[in-house]
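In the two assemblies presented below, chain A is common to both, partnered first by chain B and then by chain C.
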Partner chain A sequence: MLPYALVSPLALFIVALALVPAGYTIVASFYKVQALDPPTRFSGLDNFRRLFRDTAVRESIGNTLIYVVIGVTLSTVLGIAMAVTLQHRFRGRSVLIAVLILPWALPGVVEGIVWTGIWDSNTGLLNSALNSLHIINHYQVFLGQHRLLTIFAIELVQVWQITPLSALLVLAALQNIPGDLYESGNLDGASAWAAFRRITLPLARPGIAIAMVQAVIATLNVFDQPYILNGAAPTGASLTMQTYFISFQNLDFGEGYALSLIITIATLVVSLGVVKLVYRPVEF
Partner chain B sequence: MTSIRRHPTTAVLAVGLACTGMIATACSGGGSSSGSSKTSGVTITVALATTPPPKASLDAFTASTGIKVTWTNTDWDSLQTKIAAAATAKTYFADATDVDWSRVGELGKLNWFYPMEKYIDTKSLTADMPQITSFTDAGHVVGIPYDASFLVTTVNKALFAKAGITTMPTTIADYTTDLQQIKAKSVVQYPLNIPFAAAEGLSTYWYQTTAAFGGTILDGAGKPQFATADSAGYKAAQWMVDALKNGLVPPGNINVADSQGQQTLMAKGTVASTFGDYSGNVGSLYDLPDSSSVVNQIVYLPTPGVSGTAPNMSNPDGIGIPKQAKYPAAAAKFIEWFTQAQNQADFAGVSGPDKVMTGYFLPSRLSGVSLLTQKGTLIAGAQLADMLKNSAKPVFPEGAPSWYPEFSRAVYTNLHAAATGSMSVADAIKAMSDTANKLSSGS
Partner chain C sequence: MARNHWLRRFGIVLIVVWSLTPVYWAVNTSLQTDVQVASKPAHYLPPTPTLRNYRAVVSGGGDIPNAIRRSTVNIFIECGVATIITVALATLAAYAFARLRFRGSKILFFAVLATMAFPAYTTLIPLYKIMSTFGLVNTYTGIILVYVSGFLPLATWILHSYMSSLPLAIEEAGRVDGASRMQVLWHVVLPLAVPGIISTAIITFLFAWAQFLFPLVLSSDLSTQPLTVAIAALQGRHLVPFTLLSAAGVYAIAVPALIVVTLNRYIVSGLLSGSVK
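Up next is the complex of A and B:
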C-alpha cells in the first residue's frame, strides 16, 4: 500500500498533466476546433491535409530539419570535446563547470535578446569586431537575408544553450569509465587519439545517446531563439512557431493540435532512431 | 491475500482517476461568465503589457472605492496567448486586460469580452476619446483606449538642414527627394528608417505608407484594396522596397523591428527620418539625453501624402473586461478611474514624477492631452493634440476584421520577403491579396 501511496502523487501528476492532454490532443487533432468558426466538429484528416498544403508549414519543416541537423551535430561534438576536457582534473575546473552551465540555465528569450546585440546588422558586436579587424569593410546582414546563414546563426545560439547539458551528460558517462582501461591502452602503446576512439567513445555511448536525444528534443521544438532573433520570417521560422501562429493567432486549435501531434511523433521517431543508432549498453 | 492486495490497488486507482477527473474539470473551467457585481471589498487583477501606475495612485483608488488592484505586467505576445487560452478554456485569469486595436474584430466576434457600454457610458466618451471608434465592433465597445497611439512622421531637422533642406516636405514625392538629397550630400549614409523585420511593426508601417499614398487596405467587406499596380497599397509597398534597394534604408534593417530602429537608429542620429514612428517618441525617447544623441533635433512632421498632409493611422492600446472576470463591475470602476483625464495626465507627468506611470506618454482623452499641453509637460503637445483630434484615423474604418492576426502575418512575412529579394513586390502583393480574399470569403 505504501509504495502505491508514495507513487500516486507523481503518477497522478503525469496522468493529469501529460497523458490526459496528450490523449486529448490526439483526439482533438481530428476535429475542426476553430474559435472563429464554431461548433467543434469531426473533420477526419482535414487538419493534416491543410497543414501539408500550407506553404509556411512546409518551409518550416525544412527549416526545423536544418535546425536539428546543425544543433544535434554541433552540440554533440562540442559536448564531447568539453566533457573530455573536463574529465581531467585541473585548477579551476569546478568554477569552469559552474560557468559552463550558465547558458543552459538562461531562458531562451533572454539568450535571444542577448544575441540580438551580437548579430544585429546595424549596430551588432560581431559586425563591429569584424570591421575593427578590417575583415569586412561594410556591415553584414547575418539574419533574415539567406536561409542557411540565418538558421545557422540562430542555431548557434541554441547550441550555446544546450551544449552544457550535453557536456555534463557525457562527462557523467566518462567518469564511469575505469581508469585501468586507459592504463592498459597506454601500456599497449595506444595514442591519445586511439584511446579516445577505442575506449572513450564506445564506452561513453549511453551518455552520448542521452545527450543527443535531449538535443533532438530541444532543436525539434526550437521557438524562442528564431522568434526573438528573426521574427516570423520564413527564412528561420520553426514548426513550433507555426503551432503558435496557427493556434493562438489564427485561433485554429484543431490544426494546432494536429501540428503538435506531428511534432511529438517526429520527436519520438527521431529520438528512438538516435537511441537505436548510438546507444549501446555498457558494462564494466 | 490476493483480495487484500487488490482492494487498496483498486481504491488507489479509483482515487487517482477521480482526482484526474477533478483536475481535468478544473482545467477545462466551469464555463461560467457570471461575475460578481460587487464593487467594493474585492481584489481585482489587471493584466496589461505595461508597468503599473505608481503605488500611491493605486492606493488612492483603493481608498476611494474599496477595490484592491493586483497588477500583472506581461509582455504583449504572452498576454495575447493568455487571453486566448483563458477564454478558450473558459477560465479566469484577469478582471481587466489588454484589448489591442488590431484584435477588436476578433474579440468582438468571439464574444470574449463584456461590451463596455454595459458598465460605462461610452457614448459620452466619444467626443473626448476619438480613438474609441477603433474599439467598436458591431455596435459594441470591446475596450476603452487608455493611451493615444498613432503613427507619425519624425524628421531630424538638424540633418535635413545639413543637407540644405530648410523647408520641410509636404508631399511623399518631396519627402523622397529630400531623403535622396541627404544621402547624395553624404549627411548620413542611410537617411530613412523602415523596420523590415517580419513583425507587426512592418505591417503598421505599410498601412501608414498606404494612407500616405491615398488609399486604404481593405474595404468594408474585408476585400483587399491594394491588389493592382495603381493602388495605393501596391505603390506603398514598392516605395518601401525601393527605398531599401536604392540605399535610403540601412541594409541591416531587413531584421530590425520598429522600436529597435527608433532606439538604435533614429535616436542615435544614424538615420534622418522615420515615416511611421510612434506618437510621443520625441518627448519619450528622442529628447531624453540618456537614450538619445539627437536631443532637440527631432520634430513631428505632418505626414506627407500624395498632394498634402495624409492621415495618421491609429493603433491605440485599450483595456476591457474578459467574460470570465470574477468582478466585472469592479473592473469597470477601475477602467473608469484609469482613463480619467486627470489621472491620465498625472500618469504622463503633469503633476510631477511621483505620479508618473513609466512608459505612459499620451492620454487617450483630448482633455488629458490638453492638461499636459497647458502645463508644457508634453513636447509638441499642441501638434499631437491636433493630430489626435483631426488626422488620426482608424486603419480599418469598418473595424479590424476578426481574421486580422492571420492577415497581418501574411503582410509582414511577404513584405519582408520582398525586401530580402526572395520574391518580387508583385508576388508579395499577390500573396497578401490572396490571403485577404481567402479570409474575407471565410474559406
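Up next is the complex of A and C:
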C-alpha cells in the first residue's frame, strides 16, 4: 500500500487539475459556452468556424508563426554560441553561468517593462545609442507601427528570457563529448570551424533538439511580453492573447476553448516535428 | 588555440552584454528623475542618483505603494506555500517512482511527464471555471492549487532523476538493519537528497514568482494579486512615469536576481538533471 500512499497526492493533482481540465477543453470546444448568452449547448464545429472567420484571430495566427520562427531560430543560434563559449573550463566560468541564467529567472512581465526602456521612442536606450553613434538622426518608433519590426522587437525580449535554458541544455550535451575526439581532430589539422561542424554540432543534437522544443512551447504560447510591450494593440497580438481577450473580455468561453485546443495541437505537432528533424541519438 | 581564445572572449562579452544591459538600463533609469530621463542623448549613468522613485513605490500611504506592498505579501505567500507543497508531494512520489515497484507506476509516471509537453495555457479556462465553481477565485487557495498542479510534474521529474542517481547500497543496508521503507526514506534518502530538494525548491519558487496570466485570471483584486499582476496594472495606467515603473520593475526582480546570484549552482544542476539522457 505504501507506494500508492506516496503517489496518490501527486496523482490527485494531475488528474483533477491537469488531465480533467485538458479533457474538458477538448469537449467544451464543440459547445457554445457564452457567459452573456446562456444556455450552453452542443454546436459542433461552430466555434472553430467563427474563429477562422475572425480577422483578428487570422492575423494573430500569422503573428504567432513569426514569433515562433524568430524565437526558435535566435534562441537556438545564440544558445549554441553561448554553450560553446562555456564548453571548456576557464577562470570565471561559474560566474558567467550565473550571469547567463539571470534573464531566465526573471518574470516575463518585468522583462517587458525593462525592455520598454530599450525600445521606447522618446527615452529608449536603442534610440539614444544609435543617435550618439550617428546611425540615425531622428528617434524612431520601434513598437506598434511596422508589424514585422514590432514582432521582432517583442520576440527579442522573449528570446532574452528563453535563451539561457537553451544554452544550458546544449552545454549539457557538449559536456558529454569526450575531449579526445577534439585531440584527434587537432592531429588531422581540422580548423576550429571544421571541428565545430563535424564534432560539436552533430554530437550536440540531442541537447539542441530539447532546447528547440522548449523554445517552440514558449514562443507558440507567448503572452507576457506582447501584452506588456504592446498592450491590447492589434499589431503583433499573439494567439494566446486572443484566447485571453475572447474568453475573459468577450466572455465567449466556447471560442476560447477551441482556440486553446488549436494552440495545444499546434504545439504538440511542431514539437514532434522538431524532434523528428533534429534529434539523433548519440552514443560515445 | 589563439583563435579559439579570441572567439571565447567574444562569447564572454556576448553573454555579459546580452544578459546585463537591459537590467543595467532599468536600474539606471530607476535612479534618475523624470527630467533627467527625458534628456537626449540619454544619461548612460545617473547624473545625481536618487532613491526617490523607490520611495514612491514602496513607502507612504498612496495608491501605488499600497498596491506594491500588498502584492509583495501576496507573492511571497503564494510562491512560498506552493513551493513547500510541491516539493513535499514531489519528494514522496519521486521516491516511489525511483525505488518502489507497484502496479500502474509506469502509466502514472508517463502521464505525469506527458503533461509537461502540453502548454500550460491549455488548462487556463477550465481551471478558472473549476476555481469559480468552488468559490476559489480571488483566494490564495485557488492560486496555490493551480501552481502546485502546474509545477508538480517538473519537480517530480527532477527529484526522480536525482534519487535514481543515489547509491542503492546505503538504503539496502538500512533495510537489512530492519528499518521500514518510511524510516529509510526519512533517515537515509532525504538527507542524501537535500541538494536535489533545494534545486527543485528554488526552480519551483522562481517559476511561481514569474507567473502572470494564471494569477491575472484567478485574482480580480489586491487581496490576492501577486507583484507581477500589480506591476502590469501600474504599467496600464498612463500617468505613472517610466522612472517609477522602472523602480517597481527592479524591485520585483530583486528577489529572483538575488537567488540567481547566490544559488545558481543549484539552479543549473536542477535544470540539467535528467534533461539529457
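Please note the rule applied: the second predicted complex is superposed on the first by the 276 of 284 C-alpha atoms of A that agree within 3 Å, B and C clash if a C-alpha of one lies under 4 Å from a C-alpha of the other, contacts with A are read in each partner's own complex, and residues count from 1 in each chain.
Heads up, the rule we're going with is that a residue touches a chain if its C-beta (ideal position, glycine included) is under 8 Å from a C-beta of that chain, and two chains touch if they have at least 3 such contacts.
Source: prediction; values computed, not measured.
Placing chain B and chain C on a common chain A by superposition gives a clash between them. When the shared chain is aligned, chain B comes close enough to touch A:233, but chain C does not. Of the two partner chains placed by superposition, only chain C is touched by A:165; chain B is not.
Shared-chain residue A:121: touches chain B; no touch with chain C.
In the superposition on chain A, A:35 makes contact with chain B only, not with chain C. Within the superposed three-chain model, A:248 lies in touch with chain B and with chain C [touch as defined at top]. Once chain A of one complex is fitted onto chain A of the other, the partner contacts of A:79 are absent, as it touches neither chain B nor chain C.
Residue contacts after overlaying the shared chain place A:139 against chain B and chain C alike.
Taking chain B and chain C in turn and counting the residues of chain A each one touches, the greater count comes from C.
By the touch criterion defined above, A:217 reaches chain C but does not reach chain B. Of the two partner chains, chain B and chain C are each touched by A:11. Of the candidate stretches 7-15, 61-69 or 151-159 in chain C, only 61-69 runs into chain B once the two complexes are overlaid on chain A.
Common to the chain B and chain C contact sets on chain A are residues 4, 11, 16-17, 20, 116, 120, 122-123, 139, 231, 244, 247-248, 253. Of all the residues in chain B, the ones that touch chain A in their complex are 8-9, 12, 15-16, 19-20, 23-24, 27, 80-81, 84-85, 87-88, 106, 109-110, 196-199, 250-257, 260, 264-265, 268, 270, 402-403, 405-406, 409, 412-413, 416-417, 420, 422, 442. In the complex of the two chains, the chain A residues touching chain B come out as 1, 4-5, 8, 11-12, 15-17, 20, 35-37, 56, 116, 119-123, 139, 141, 143-145, 229-235, 244-245, 247-251, 253.
Residues 3-4, 7-8, 11-12, 14-16, 18-23, 25-26, 29, 37-38, 40-42, 89-90, 92-93, 95-97, 100-102, 105, 108, 111-112, 115, 117-130, 145-146, 148-150, 152-153, 156, 181-182, 206, 209-213, 217, 228-229, 231-232, 235-236, 242, 245-246, 248-249, 252-253, 256-257, 259-261, 264-265, 267-268, 271-272, 275-276 of chain C are the ones that touch chain A when the two sit in their complex.
The touching residues of chain A, counted against chain C in their complex, run 2-4, 6-7, 9-11, 13-14, 16-22, 24-25, 28, 78, 81-82, 84-86, 90, 94, 96-103, 105-118, 120, 122-125, 128-129, 131-132, 139, 160, 163-165, 168-169, 172-173, 176, 192, 206-207, 210, 217, 220-221, 223-224, 227-228, 231, 240, 243-244, 247-248, 253, 256-257, 260-261, 263-264, 267-268, 271.
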